[in-house]
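A, B and C label the chains in the order they appear, each numbered from 1.
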Amino acid sequence: MSQPLLSVQNLDVSFTFQDGDYAALKNISFSVYPKEIVGIVGESGCGKSLTSHAILGMLPTNAMIKKGSIQYRGTDLVSLTNEEWQSIRGSAISMIFQEPMTSLNPLLTIGRQISEVLKKHTGFCNKEIKEMTIALMKEVGLPRAEELYRAYPHQLSGGMRQRVVIAIALIGEADLVIADEPTTALDVTIQLQILELFRKLKQTRNTSLVFISHDWGVIRKVCDRVIVMYAGHIVEEGPIEEILQHPKHPYTQGLIQSIPDYKKRGEPLHTIPGRVPALRERRGGCPFVDRCSLRMDICQTTYPEGKKHGNHQVKCHLYAQEAINI
Amino acid sequence: MKYALYKLSTFLMTILLVSLIIFTVFQVLPGNPAQIILGMDADTQQIAQLEKELGLDKSIGERYTSWLSGFLMGDLGDSLKYQQPVLDVLKDRIPVTFSIAIYSILLTICIGIPLGIYIARTDGRWISVFLSMFTQLGIAVPSFWFAFVLILVFGVTFQLFPTFGYVPWSESFIGALRSYFLPSLALAISNIAVVIRYLRNTILDQAKMDYVRTARCKGLREKTIMYGHILRNALMPVLTIMGLIVADTLGGSIIIENVFALPGLGNLLIQSITSRDFPLVQSMVLYIAILVILVNFIVDLLYKLIDPRVRLKG
Amino acid sequence: MKKHNIFKSIPLIIGVSFVTVLTIMMLVSLFYTPYSPNAMDPSDRLAQPSFTHLFGTDNFGRDIFSRVMQGSQTAFLIGFSAVSIGLFFGFLIGACAGYFGGWIDELSMRIIDAMMALPGILFAIMLISVFETGIRNTIIALGIMSIPSFARIVRSGFIQVKQFDFVKASIAKGAGSFRIIFQHILPNVTSPILVAVTLSFSGSVLAEAGLSYLGLGVQPPDPSWGRMLKEAQPFMSTAPWYVILTGLFITFMVLGFNLLSDGIRDLQDKKS
């Protein structure tokens, strides 16, 4: 396998509050390879967005990286200065946000907001920049691109705005794009169009994508590999079909059982009892223990080691024996 | 277009109401206005003469319509004291008041906006508390007292600026600039403080917006984010308080002109009140009110022109 | 987070202490001033501040500190009375407009808007030019000047609260208007009204100083800080302390009430 584009190693992130520090991400390790689409799933509050913000160096002011490294093409991002970050953002790593309604500046034209990235990171002249911008606007499916170049965000529908946000993320030819719930705020039909766009871009562009979502349907449509996060930990990781067919962690199993399905018509929808523990409630042991139907005594006290089953990895005491057997 | 027409109709409506209020106030003058104006020792013939001049023999409705229609046609009535049309009396005064008003508003913008940005950037540090207290002080200081302090410091101690009277613009531009400086600054001080506080708040609000995060993700420098993205959005609400600032400036100039002995509208207003020149007072109050309403009207339209969201909806 | 709270409460602490000190000074001046505020001493004119005359003396040899103390009575009187008038009529107008809506609302708000189109001080000057000068008329003029802002706040409070379901429910249950107003609406508009009260208090003090400085406000022998500044102006360069110290007290009072109002607003924001 080739060198990973992005490699996160043992990352710990904590929030500082009045009464002390609370770990929000614990021991996060994963890699993203070139041209790969990696999904991150989990309920709200599991640390998906925080992980993406850490990768872009845009953690909230009261959050801090405690240890670990984030390597992009071999450079450690954790120790970058502000200026160094500015040269990475937009041109090497970029991001697509959830809220297309508010992610764009209401007072600037669409063209200006997209082309601004090129103005910052490249030395092209204005005419070239405009041409490239319009070409990309067409590529992401914005009709009448020349006209929209001069339009303001409020004149566009939600789906079109999200295409603009995607164009902003792509125009700098970033190798790695992080999409944080990019379709959640959209209507279902628009959602499908945007997912279609992502699939198309996967074929035409050399971009790796980290796709954050709580929606397995969305993840399944675009991702090659998926990472399941729970309460600041990665609990399971593997190829998307493998995980969907054979989920190992009880949390993943629960999540997958909760996907509405035609075949299960008439049955009550499965839900995982309880909720994600808040930052202050997290203790040692497996974070899922309180909601797990298969918990054992050891789960209360010890955090499970990661076990590899081929390219499928899981952190759960259930598989401690099994892994040895393999 | 519909928006502009709507605004125009409220603009005219407000002028009508304001003129009605002003007219009504002057109608409740206790006793016979002619008697009050002429004083106790006037004889009946004089009083009858003045009553006729003031149109007191006509009905209230007639007097109001003739006053307002005359006003709108440019006939502001006659001044009793100066024995000439009010408009002629005002003609020499208006440039003086306009000079300090415009000067003061320019100072407000040139000082208030950069400081507002600066204070927003210091947010959360100790210095921001002190700066914020300073702006509170700027709002609390009576403008005329601040003018005294300016006179003491710049006029008396350092002798940098003239402390009374003025140099006309036609005579010497620099001279005029210097002579109007202290009154304009004294007038601007509270508005500067208001703009600083207001802009600081709108900048801090805007800085939390999602589009700022998007801009940061593009790799833009913090300066570009501030000036290219945040500031535009933060200045829009500041535009809406411009009407208030203009009203405050025109109101404040009444006092400040008297501190610096500047022969402007405010100075004339006080003189006319002392000499009971009611027709002049009445017309001047309406004149200043119309100026304020007009500025508010223009600000509304300007807002519409600048903000693309309002621009295309209307 | 904790640091932030201290940050935020500094202005409030300063505001409260200014207002407290000035209130104490005003109360003391009712019974005691170092000298009689109107006692002239021709042999000791424009004396510099010293232990005998804390703030020096004016051009008639009157003790400035005693006059400043006595002037605080006028400032408080005018602030308090003007705010009371403004609050009373503003509440009445705003409550009617907000509660009944329809043409009553439309008409009263149009008039309020028109009043607000006039610069406040100009409005007061206009009223005084008709009513004559003096403390009473100054109070009336400043009271009328502060009606619009109260009316607006009360009106929007009423309209807002009327939308709440619990108010709708109690109207539906047939609760009387007064009951609704006192039980539901009043508690919800008190804090914005408190903010407006403190702000119009300081606004009135400031406006009174301006009017009296112009000779249109308080007339001698009634004491007034604005009037004192008018009298002090000719001696600005010979006795700068006269001007500066007197003006400082106006500033302190206005600043104190403004900071108080800011503090109340912060508390209110924190609650919601």
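We take it that a residue touches a chain if its C-beta (ideal position, glycine included) is under 8 Å from a C-beta of that chain, and two chains touch if they have at least 3 such contacts.
Since we're looking at a predicted model, the values are computed, not measured.
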Check your understanding: Among the chains, which is located farthest from chain B on the basis of C-alpha centroids?
Key -> A
**Study point:** Highest-count interface - the chain pair sharing the most C-beta contacts
**Key:** B-C
Exercise for review: For chain A and chain B, let me know how many angstrom lie between their CA-based centres, rounded off.
Suggested key: 54
Exercise for review: State, to the nearest whole Å, the distance from the C-alpha centre of chain B to the C-alpha centre of chain C.
Suggested key: 22
Revision key, fill the gap. Residue numbers in chain C touching two or more further chains are none
**Study point:** Footprint of chain B on chain A - complex, ascending
**Key:** 56, 58, 82, 85-91, 94-95, 97, 99, 102-108, 113, 116-117, 120-121, 152, 154-155, 165, 168-169, 172
Review point. Chain B touches which residues of chain C in the complex?
Key: 4, 7, 10-11, 14, 110-111, 113-115, 117-122, 125-131, 202, 206, 209-210, 213-216, 226, 229, 233, 236-237, 240, 243-244, 247, 250-252, 254-255, 258-259, 262
Study note, to complete from the structure: chain B residues touching chain C in their complex are 13-14, 17-18, 20-22, 25-26, 28-30, 124, 126, 128-129, 132-133, 136-137, 139-145, 148-149, 151-152, 156, 247-248, 250-252, 254-255, 258-259, 269-270, 273-274, 278, 281, 285, 288-289, 292-293, 296
Study note, to complete from the structure: chain B residues touching chain A in their complex are 209-211, 213-222, 224, 228-229, 232-233, 236, 307-309, 312
